[in-house]
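Let me begin by presenting the structure, written as structure tokens, before commenting on it.
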Amino acid sequence: MKDNDIRLLTIFTEAALETSLVKDIEQLGASGYTITNARGKGSHGLRGATWEANSNIRIEVICSLEVSKQLTEHLKNSYYENYAMVIFTTQIEVLRSNKFTS
Amino acid sequence: MNTIDPVIWFFLFGLLAGALKSELRLPSQIYDFVSMLLLLTIGMKGGVELANQPFTLLLPQIGVVVMAGFLLPFLAFPVLRYVGRFTRADSASIAAHYGSVSVGTFAVAVAYMNSHSIDFEEHMALFVVLLEIPAILVGIVLAKGLSKKMQWSKVGHEVMLGKGVMFLIGGLLIGWLSGPSGVESISPLFFDLFKGVLALFLLEMGLITATQLGSLKRYGPFLLTFGIVTPLIFAVLGTLVGLGLDLSAGGTAILATLFASASYIAVPAAMRISVPEANPTLSLTASLGVTFPFNILIGIPLYYWLANYFYLILFS
Amino acid sequence: MKDNDIRLLTIFTEAALETSLVKDIEQLGASGYTITNARGKGSHGLRGATWEANSNIRIEVICSLEVSKQLTEHLKNSYYENYAMVIFTTQIEVLRSNKFTS
Amino acid sequence: MNTIDPVIWFFLFGLLAGALKSELRLPSQIYDFVSMLLLLTIGMKGGVELANQPFTLLLPQIGVVVMAGFLLPFLAFPVLRYVGRFTRADSASIAAHYGSVSVGTFAVAVAYMNSHSIDFEEHMALFVVLLEIPAILVGIVLAKGLSKKMQWSKVGHEVMLGKGVMFLIGGLLIGWLSGPSGVESISPLFFDLFKGVLALFLLEMGLITATQLGSLKRYGPFLLTFGIVTPLIFAVLGTLVGLGLDLSAGGTAILATLFASASYIAVPAAMRISVPEANPTLSLTASLGVTFPFNILIGIPLYYWLANYFYLILFS
Amino acid sequence: MNTIDPVIWFFLFGLLAGALKSELRLPSQIYDFVSMLLLLTIGMKGGVELANQPFTLLLPQIGVVVMAGFLLPFLAFPVLRYVGRFTRADSASIAAHYGSVSVGTFAVAVAYMNSHSIDFEEHMALFVVLLEIPAILVGIVLAKGLSKKMQWSKVGHEVMLGKGVMFLIGGLLIGWLSGPSGVESISPLFFDLFKGVLALFLLEMGLITATQLGSLKRYGPFLLTFGIVTPLIFAVLGTLVGLGLDLSAGGTAILATLFASASYIAVPAAMRISVPEANPTLSLTASLGVTFPFNILIGIPLYYWLANYFYLILFS
Amino acid sequence: MKDNDIRLLTIFTEAALETSLVKDIEQLGASGYTITNARGKGSHGLRGATWEANSNIRIEVICSLEVSKQLTEHLKNSYYENYAMVIFTTQIEVLRSNKFTS
């Protein structure tokens, strides 16, 4: 597998989904994830992180192109309709890329 | 002027600061901390009281209150669905908010009774815990129906183990197991600071309420009306139940306040996960933007007046 | 409009600018933004987030190439001279890209 | 050794830990929280005092103090511009810092008076609020000129609604509206813990001051001299004003401290937005790196001695 | 039931909530704050006591305790290396954890003595500071050998200037310099709230301990045994040392608790930097997952019983 | 030097390494860095930011391709074996790119 098959999948979404999404990410075969707290605005309005209910998180998953596609598809079907959520992928070069594609 | 509790001024100050778009904020972890202290302390107060009296004596009251928790959402739901013309999910979610209780409102009611030297049954805190949960379950059933597919264990987990409920129950257990003399050593933090902590909590609630006012305009007069009329009706029910359970006037007013209050911590979190198609803005606008300020500014004194009034009518 | 016309614009800057920048971002037509708290160092020295005055934020804006150019231009003219600020863009692939280009 | 207040030891400990490059830190939200408690409490103290006495009696004092707030930056500006050879923006910004006041310094002065059982007028807290703002407006005019283009409403918003000023004013209003008996219920948090909260605040201030020492070296001896001489001169002016207003020796010393202190919360924030071309490092180095430690370690006792000395000279 | 301290109930509640995978959490900065208050207060208590008595009288005790701090890791190391079959780095790191002390455990021991009205020497807090560091140095030497290449100045920096040690030493200095009357003004925050703060700390410790239980299963029975037997043996040593130093029964029990306790703040941080090849999970599983709960639930009462028992045997 | 020689180097690692890494980054010639707090999971297990010892940070360094290679190499040799660490690079376009390559 080539280096450029590695993607960084980034999700901006509601903090309330953290437990649920982490489960999904692990089940769909990603080797890990990184989460930071965030605030923001989008089509679901202002989410200013004043309190839990309107806090966002920012999840990053380094994974193979394939897993990234599956994850995106799954998230789109499960959450996109009812939750504030944005998903995008970036092409990256990662050290020891095999760690993320096994 | 001095008859208004300072904690209410904190709320109004927060509201004003929010309306003026000031940069004032309680740091988010401090807000979490302050909420947590409120929940733990209220739980502990209830627990200590439980340690003081035979549990069995309370059983009838507990039974009635829990039943009320299951019934209240059924009263609100049809109004929302057929008068308000909300979707089924939205109606169910809002009904769950109003069937459940607001811990912050309860704390203000307790502060009101204390500062007017009105007696009340200390085990009212127990009812906060009891009323928190049933409405959530009813809300989910109203939204989804009673299908076999419902993952009740997941829902139960979600509801019972959410932060709000856990801290209340934890406080209750700790207070109960430690007893009145046991909690003395930790009372400087949990009990002596309580009113100040409540002040900070209300400051932030004022700021949050201010952010809801925008959506209030958008969702129009129905939510405004609903957010004022529902607590009034529920308070009357609460007053009747309180008198029926032989509570003091103070205790009756607090029970009325609990019935009248709408959740904005435990229920929104549970609904977001279990009824995701419900729009959280609707329920929060009503419960935080209308009912919360109504209750703490006007409701509580009114419900106390009501309790006394009914007392007079019924018992003299 | 094609997918690869979508950009992620990232800004590292002083926390004091948050209100101001959010206004600019909305006025220049971006559909949203995401903000996280940060600390760092650059040509304006150490900004260690010990307190408000030396805290940084990290703003991300998903937008069309065009909006990204306008935003960059505007930020350069309005803030670059007097504030600690770094701006860069990344090419990304975003789910439902039309949401960000309308 | 016991005559040094423990809160000062907290400051020195923070300074030492910072100088040693230790990893010690107050979590940022805790620092925000602690600052907020200081501001609210100081505001409330002033407000409670306002509730105690007819407002009109204070009007003359208020007038004089506000005028001083407008004048002080004009004294500092030419020195900075023509002796210090700073740019116009930098001179204006530093002048605004020194014309305004430091809430932390005020709190230490109050702690000093209390621990030496020195009486002072409790409404001094009101002057903190009054002196906070005028210098900011003067600073902006000094930097930009009095052009018609100035967006004064935006500036006013920025200045009045910044966190520091809002918490002070909010506390003031709450204290005033609640009155002395009203605030009693929240005093365990706001008043009893005050000194301990001040200790934590000063610990972090010590850490922050330590980070300024590096830039102090870079910007050389002028800032060091300016940061010591200005408070001394302003303190003499404050002493004269205090005596002129018939304040007690303690009250006079506190007013002198206010004049001598330089802002590091409200003014930096306002200048960053309104006079962005001013280098914030310069003003913070002077106000935090020099004047703050000078005032709390040496200034306050000195100003109290000064107040007594002038008292003797003038009134005997 | 009422004989169990409420702070222990907080720990058990945290443990339960963690085991149930509840979302309950102390916000991270609040946990930092709460730890910091514990460390500062314990340090200050020790410092105030130092101010009360001639330092020279304590010198023999100090010498013995520091020596013990250097010796204890040497006792644990061979067991870990040759019975537990851990790598050299892991054995050294775990040995350092057990040679050092746990501030949380100390605080619970003090709370235990207080709530049972047992007298003890107040300067025990000084020993917490003294026992914190030697084991770290020994651990590094055990892992790396005594090579000339060791950057001792870097290690010393790391160890002395880490947050845990700095707050303890800072508190000690502040308490010592301020003296008993000096700290009075800050005692509402630092001393009156202490027990409540400890309760919150233990709540979070319960949650953290629960997360260690998973790794406990993985690393099997050796760590479990080691984590219970080591404190028992070290406690006996501590009891003998305490009696040899002529401490009271309460003081002896606290010294035994210190010997028996294992670090989970200062040592893990130092080891991570200085002995990176040691697996931090192993040492934390043992110290947090086994020894900490063992000590606060069973150990402390047992060590007090032990101290009395030895007293009887030896002195009657 | 061309724009596309600029890289964004991102490091996910243990909070305990912050001081150490900042020193390395400066010594290897990067002009700055940005740090945010994070939590996550990877081959070293769950790092949930419950407390200091299991908190992560997320470091971003904008630098030339060359510096990014040197930094990656150095970090790999110094920390990769014993610490939880993930490193990757993204191609970015940065405003005033010369600021980062001098």
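Before moving on, here are some points about what is shown:
Per-chain residue numbering starts at 1, and chain names A, B, C, D, E and F are given in the order in which the chains are listed.
The criterion applied here is as follows: contacts are C-beta pairs under 8 Å (C-beta built on N, C-alpha and C of every residue); 3 or more make two chains touch, one makes a residue touch a chain.
This structure is a prediction, so every number in the text was calculated from the model and none was measured.
Common neighbours of chain B and chain C (chains touching each): A, D.
Counting hops only between chains that touch, chain D reaches chain F in a minimum of 2.
Of all chains, E has its CA centroid at the greatest distance from the CA centroid of chain C. Annotation: 35 Å between the Cα-based centres of chain C and chain D. Centroids of chain D and chain E (each the mean of its C-alpha atoms) stand 41 Å apart. In chain D, the residues that touch at least two other chains are 23, 25, 28-30, 32, 163, 188, 193. Residue numbers of chain F whose C-beta contacts span two or more other chains: 36-37, 90-91. Interface note: chains touch in the pairs A-B, A-C, A-F, B-D, B-E, C-D, C-F, D-E, E-F. By the touch criterion given at the top, residues 6, 8, 22, 26, 31-37, 60, 62, 90-96, 99 of chain C touch chain A in their complex. Chain contact summary for the complex, chain B toward chain E: residues 28-30, 32-33, 36, 157, 161-163, 166-167, 170, 173-174, 177-179, 181-183, 185-190, 193. Of all residues in chain F, those touching chain E in their complex are 14, 16, 20, 45-46, 48-53, 55, 79, 81-83. Contact residues of chain C toward chain F in the complex are 12, 36-43, 56, 58, 72, 76, 80, 86-91.
Residues of chain D that touch chain E in their complex: 1-2, 4-7, 9-10, 13, 17, 20-30, 111, 114-115, 188, 192-193, 195-197, 199-200, 203.
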